[in-house]
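Each of the next two complexes has chain A plus one other chain: chain B in the first, chain C in the second.
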Partner chain A sequence: MLTTNKQKYQQLATEHDKKRPLLRNCIRAFLVGGTICLIGQCISFFYMYFFDFTEQTVGDPTTATLIFITMILTGLGIYDKIAQFAGAGSAVPVTGFGNAVISSAIEHRSEGFVQGVGANMFKLAGSVILFGVFSAFVIALIKTALINLGVI
Partner chain B sequence: MKIGKQSWIFSNKPIITSAATVGGPFEGKGKLAKDIDLLHKDLYMNQPSYEQAHQQLIEDATKLTVQKANLRYDNIDFFISGDLINQMTPTNFAARTHKIPFLGLFNACATSAGGLALAALIINSKSGNHVITGAVSHNAAVEKQFRYPTEYGAQKPPSAQWTVTGGGFCIVSQAGTGPVITRATIGRVMDLNQSDPFNMGAAMAPAAADTILSHLNDHQLSIDHYDLIVTGDLGAIGRDLLIELLKKEQIDLQKDKLVDAGLSIYKEDQNVFSGGSGAGCSTLYLYSKIIADLNNKKLNRILLVATGALLSPLSTLQKQSIPVIAHAVAIESEGN
Partner chain C sequence: MVFLWAFIVGGAICVIGQLIMDVFNKTPGFTLSLLVVIGAILDGIGWYEPLIDFAGAGATVPITSFGNSLVHGALQEAEQFGIIGVATGMFEVTSAGISAAIIFAMIGALIFKPKG
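Right, the complex of A and B next:
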């Protein structure tokens, strides 16, 4: 019968754990995340140059285009391979949000459109929306309070 | 017959008369490819969902095992198996197809060894002539059950493992030719407070160590009794931890006498992080490779130690630590 205890084992397990390569992950995330942003910038310029968009209005079509590209890459099974390499680099930009929604939709297609796709599509991305909206609300509240108090 | 605290010794020689394995496309590119009986080219296996593909794998493997033994489903007395998908539907539904009297078993990835021990017990007590047992897993079905959607881009840490698509079954019989099941030890559930679902090896190693120690103690054996200890899916981290844990208990298990199934299925360049895992991991290796080696006397005595992590996605989210289990089954080449 094994005689080790939780503390001793935790120590042993920590010694043998394979550490996440933090520096390498950061560099990769920076490079891939930067590349995605660069592509986004090129798309923005494209819309501004060829269509009637301004710097203020070009955000929406650019985001939509990036999400469309993500959708294709997710459907073809490429995006998760990029993500294993890039980590946060492909998770933080809007493409990561798109991938979370699209992958859930694909995954739950077998359970039907309503209870499957519809109910599970925002399984992962739902909390991004919830806490995004909530933190925007809190910030707006603080800003309004500060304006009314005459601080800013 | 019970021996010691938690072990059985089988004096009536339950024999593994037939074994067959199936695998998926990724396994087809691995080290074991030429030893697997049936390889699927596509992860869907012509089924509408991954869960049904999982079921297809079980049906294929059981069919091949029965065919190899020159038997029919009617001749098999009992079917003992299980999987990790919700309410075990792949195995339950496969049992609906072949209609062999069925006992569903859940010990996560230790199901294979638990099932084999039970099958040997049934045969040894002459409560049946043929029992089919084994387990299969399907990468995408298990990912969906335990982790994220298959196409979701989440970076896995190097301690993570890759669920095997595939597995195998065997028939344990009263008479025939093949390796003999001689001993078994039923594990107890351990919990050393490991809680990282992306480091199963570290969670499961203590269960393997505990079961090996109990096995040796109950049967009054030394570790040298066995040519090889075959663990299920400890992976690189769990394997090293098992050696360390045993060393602390004054048992010197040499590295070359311990082989982990999870580390033996894929090639180096397939990047499966710390190794393969899943209910089918141990069976795929055992029934593709080890049984053949026992049959042609390359190996004489082996101890299968399959480990299972008894967590659920819910228990992980509720911040519970991971309980683990391991069962051991000793298999010897015939006439030893």
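Right, the complex of A and C next:
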């Protein structure tokens, strides 16, 4: 009885599962993601032109500036609206990482600054840091070992 | 010219993220983690640096650059201190993104009230 109910539910769920408009989503992601990177490029250009940053070092101040802009947009609730429209276009750039951290910080503020903000800040973005750090560790370890062994 | 390539390459990386989300039905958290790992692998085989030279912010702004700079810091430190540097040098290059996120998240939590 239970299994048939489950099967029925599965059927019902797949029937009502909205078909995702793949092409439209991709175009939106491309346009919004591209625009965010273009803004990033303008900020980089600004830093390279007015300060002594090179093409290799300009990434850091650009990232920080973009996350600052994200903070304001997230706080005013504008970033959520962009995210609804853009999907991955606003999630994949570093602003999406910033938004994940900042929105969970603001959201859990009512639970206090230690138990709420501090404990929940990396609730969403933590997995990105975990897998980034661990995979980077493994890859750098392999590469260092290969270099030391004289393979590359 | 680099502005155009920043737009195209950055947009293309976002499309890859959108495809992972829609075609393989993954959550945004999974997608971002996967992209970071891809970025780390690309830097491991030495392909990410040329992409940054070519596309500028189109390669540094997407989250893939996070994995790239983690590997970069680890390898830089490994050159100096050997295998221990792999563990200690990881955040050398990438600290800006994380510290900015933490600082601005705290400021944001101080200024803004939660919605709804």
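Going forward, the second predicted complex is superposed on the first by the 136 of 152 C-alpha atoms of A that agree within 3 Å, B and C clash if a C-alpha of one lies under 4 Å from a C-alpha of the other, contacts with A are read in each partner's own complex, and residues count from 1 in each chain.
Quick note on the criterion: a contact is a pair of C-beta atoms (placed from the backbone, for glycine too) under 8 Å apart; a residue touches a chain by one contact, two chains touch by 3 or more.
Here the structure is a predicted model, which means the values were calculated and not measured.
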item: Which of chain B and chain C A:L124 touches, first, second, both or neither; value: both
item: Which superposed partner A:V32 touches (first chain B, second chain C, both, neither); value: second
item: More chain A residues in contact [chain B versus chain C]; value: C
item: Partner chain in contact with A:Y79 - chain B first, chain C second, else both or neither; value: first
item: Touching partner for A:R20 - first (chain B), second (chain C), both, neither; value: both
item: Partner chain(s) touched by A:G96 [first = chain B, second = chain C, both, neither]; value: both
item: First, second, both or neither for A:T4, with chain B first and chain C second; value: first
item: Touched partner set for A:G87, first chain B, second chain C, both or neither; value: both
item: Partner chain in contact with A:F51 - chain B first, chain C second, else both or neither; value: neither
item: On chain A, positions contacted by chain B and by chain C; value: 20, 25, 74-75, 77, 86-88, 91, 96, 102, 104, 106-108, 110, 124
item: In the complex, chain C residues that touch chain A; value: 2-3, 6-15, 17-23, 28-37, 39-41, 43-44, 52-53, 56-58, 60-63, 65-67, 69-71, 74-75, 78, 82-83, 85-87, 90, 95-98, 100-102, 104-109, 111-115
item: Of all residues in chain B, those that touch chain A in their complex; value: 48-51, 144, 148-159, 190, 192-194, 199, 202, 205-206, 209-210, 213-214, 217, 236-237, 240-241, 244-245, 248-249, 274
item: Chain B-facing residues of chain A, complex; value: 1-6, 9-10, 12-13, 16-21, 25, 74-75, 77, 79-80, 82-84, 86-88, 90-91, 96, 99-100, 102-104, 106-108, 110, 124
item: Complex interface listing, chain A residues touching chain C; value: 20, 22, 25-26, 29-38, 40-44, 55-56, 58-64, 66-68, 70-71, 74-77, 86-89, 91-98, 101-102, 104-110, 113, 117, 121, 124-125, 127-133, 135-137, 139-145, 148
